[in-house]
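You will see two complexes here that share chain A, one where it goes with chain B and one where it goes with chain C.
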Partner chain A sequence: MKRCAALHQSLRTFWNISHAPQKIICKSTVLNQFSQFRSQYSTHIPASGDISGKQAITEPLKHPDFFKVRQLVSVKDLYNNRVHFGHKDGSRNEHMQPYLFGNRLGTDIFDLDITIDHLHRALNFVAHIAYLKGIILFIMKSQQFGHAVETTAMTCGEYAHTRDWHPGLLLNMSEQGGQIRLPDICIFLSLQDAVNQQHLAVAECGKLKIATVGICDSNVNPTMITYPVPGNDDTSESIDLYLRVFQQAIQIGKQKRLEYDRQLQPKGVASF
Partner chain B sequence: MYRFTRGIPLSATLASKHGHVCTGMRKMSETTKVQTELGTSNNESSKVVSFATLLRNSPFVHLSAQKLPKVVGRIMKIHDNNLYIDIGTKFYCVCPVSSEDLKKYHEDGKVMVAVKDFELSASFLAQQQIPLYLKQMPHCWAHSLNNHKHHIFLYVVFMDVLSHGASVVFSPNSTRSTL
Partner chain C sequence: MSVAGSRLHRLGSVYSRTKDLIQSKVLPYEERPIWYDVYKAFPPHREPVYKPQSSPNQFGLVDVEDTVRPILYNEDWVRANVYGNPAFSNLNGKKISSLFVGPQAKNYQEGANFCHRFILKFEELKKTHCDLNNEDLFRLAEKEMIEIQDENQ
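The block that comes next holds the complex of A and B.
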């Protein structure tokens, strides 16, 4: 949790979250579209980005699992949804070797005891960001799962980018004019794009100090990801599991924030 | 390969030493998604099983390292003379079928598949990055379990589902659209 607190501190000082503008403008039409949907589907007030009181930050950080995200998923759930399957040993990235249990019939197998720990950490982080009213961007360039990712983002009131990534989409956003608020974290459902190269957004997030959560298959480089989750990113069952638990974590965080904000309402307000 | 598979009765294949594998793979492909809800994943009554135990008892590990392991798959979708078969591994397989054989298969039906490769990739082990979408198709034979009398031989092709060549991609969830 120390790392989480330091990250939040750095996020605040870097982005001046407390003084963030209300309006969100982006050149990408997808993000524009979702900024409209967000006000409809969001469970709380629209993105103002303000943090009401320092207590809102410090209280959840004292708890190791404030949002109880460890109850959302278990090793058995991962196993049933084929998260342990990796690619062939020939396409293995050397950095993924510590996360692998072994190789069977040419197929790399992830050690789900390691994966579950990483997934719990990532879910905890995502829930905290949602609690702090951060903007979350789901990124996945995949023909098969793009729609599912967009639907999940819409359901939990966040954003998604599942189309071709224009280089400099995040880096040059300020040049589009108006006031811009960049995503606070990016969740990569797959670190590769359609041509099996590393997704351009990974490097852009690294340059902009945007924290990243990424599902790392055995053929990708996880070194640039803040919260890597080693696991399968090619099977629909696995992707559905990730989307489900991330959505639940975000909704838990937002719900807790809503309850906290309700408690802070002034007592003098008359209710008719 | 034709000689290898012809003449083997279906019952013998199922009753062979790999019979339990067939059953296991059937279970593997029919595993329903576990719906995780708040607080229900970690019941006090259920034992916490390590991943090593789960893997050791999994049908994938029970497969022997023969050249053509036979597995039982479930047809996810039939489209345009193609069978999309789920065998419980990372990728599913696509099998082109002739028009007269097409009526023998139906969605959610079981087929026996002889697997040559679980993932379509080139065996250029010297390369760090292996192209995952290729033009060579490994040869497999598949058996329909619906018809015990005839031996129906099919070409079952393993494809990386994210390949550019696939114009239409289906998933078990029929509500998901394609782009």
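The block that comes next holds the complex of A and C.
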């Protein structure tokens, strides 16, 4: 009789699980995986007290090019991927003038020597943030490149926002409920939201102490972007180049961090 | 949100605002943003302080100095005459490009590279015929290009 009861109970639990609404199971499993993944990558390093953590932060900062991001992209790559094309001179923003090489028959041309320097700086910054386990958010309001941006963010374990930006999305923290962590930096692949309008997230990042990296075409205002990269943001080739390069920089940063964490761990303990 | 912050994003840069908050001890140094040390070690070329675009005057015009130079080459004169003005051509008012570009071109390669090949021919003739002026050189190059096309056909 005892056996029978146990069997009956186990059968009942099985029945419950298998007949539970499928949505709930999916959501919970996904959330579990998600939280596991984040626990690996996004825990803040204690800024004081832990000596090993401190050393991990300060050591790469002394090196001029710790992650070797300068090898990722050259001027020729930029030229072949049409980064030098700007907009027509009528739509030029006055603050983009120092980044321009000249004007060829009405079309602005970027100076790629300036662009490569800014891009290397931005890549170094992004790699450092990935090394420090910060959250990176890719932002681009575009129907054409939205999917590419989202897949790139997914492959390097970060986040993307490519849809309509609801005003105050980052600012209404109190209304969201629960524990929410804001992104540490935002990467803008295009600064334009609609036609001739700056992306709303630029101002929100400024309010919330979030540093920004942004691709600035010749018709946008680059002054509020922390690490601006002057370049074309309208062709698929150039966007592919930016995505590839940023993804590699993030992956290099994370890989270096994993290696460092493994060195610190005592032997015999499984790393998770 | 418990962390202190300034929501005036147009005054100063994101770095200077954070630095001031830390200096005035509103924001503890331990709770500084993750990018703060990286920014300190590798600062950007220009501090990201917001600058508005200069507003138009009463006539709707913006008074900004245009410092961007035009990009022009020596061979632009030839290029313009190949595609545009038929004044220097002796083909009864026809453009030289009309013989090569479009349905007349045998293949895409020929049409696409025609202007470039014409310029190369022009430069070649310029070295051998020093006494001729540009218009005569253009006619000579035109004649030779048509001859080459006839040979190929």
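Simple rule for what comes next: the second predicted complex is superposed on the first by the 210 of 272 C-alpha atoms of A that agree within 3 Å, B and C clash if a C-alpha of one lies under 4 Å from a C-alpha of the other, contacts with A are read in each partner's own complex, and residues count from 1 in each chain.
Just so we're on the same page, contacts are C-beta pairs under 8 Å (C-beta built on N, C-alpha and C of every residue); 3 or more make two chains touch, one makes a residue touch a chain.
Here the structure is a predicted model, which means the values were calculated and not measured.
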Which of chain B and chain C A:242 touches, first, second, both or neither: neither
Touching partner for A:226 - first (chain B), second (chain C), both, neither: second
Partner chain(s) touched by A:146 [first = chain B, second = chain C, both, neither]: first
First, second, both or neither for A:159, with chain B first and chain C second: neither
First (chain B), second (chain C), both or neither touched by A:101: both
Which superposed partner A:66 touches (first chain B, second chain C, both, neither): neither
Partner chain in contact with A:109 - chain B first, chain C second, else both or neither: both
Chain B/chain C common contact set on chain A: 101, 104, 109
Touching residues (chain side chain C, partner chain A) in the complex: 1, 5-10, 13-15, 17-18, 29-30, 32-35, 37-39, 41-42, 44-45, 48-54, 62, 64, 66-71
Residues of chain A touching chain C in the complex: 44, 47-48, 57-58, 61-62, 89, 92-95, 97-98, 100-104, 108-109, 117-118, 121, 124-125, 128-129, 132, 134, 173-174, 184-185, 203, 205-212, 221, 223-228
Residues of chain A that touch chain B when the two form their complex: 68, 70-77, 79-82, 84-88, 90-91, 101, 104-107, 109, 111-113, 142-148, 194, 196, 219, 232, 234-237, 240-241, 244-245, 248, 252
Interfacial residue positions of chain B with respect to chain A in the complex: 31, 33-34, 36, 38-42, 48-52, 54-55, 58, 60-61, 63, 65, 88-91, 117-119, 121, 123-125, 127, 129-133, 160-162, 164, 166, 169, 171-173, 176-179
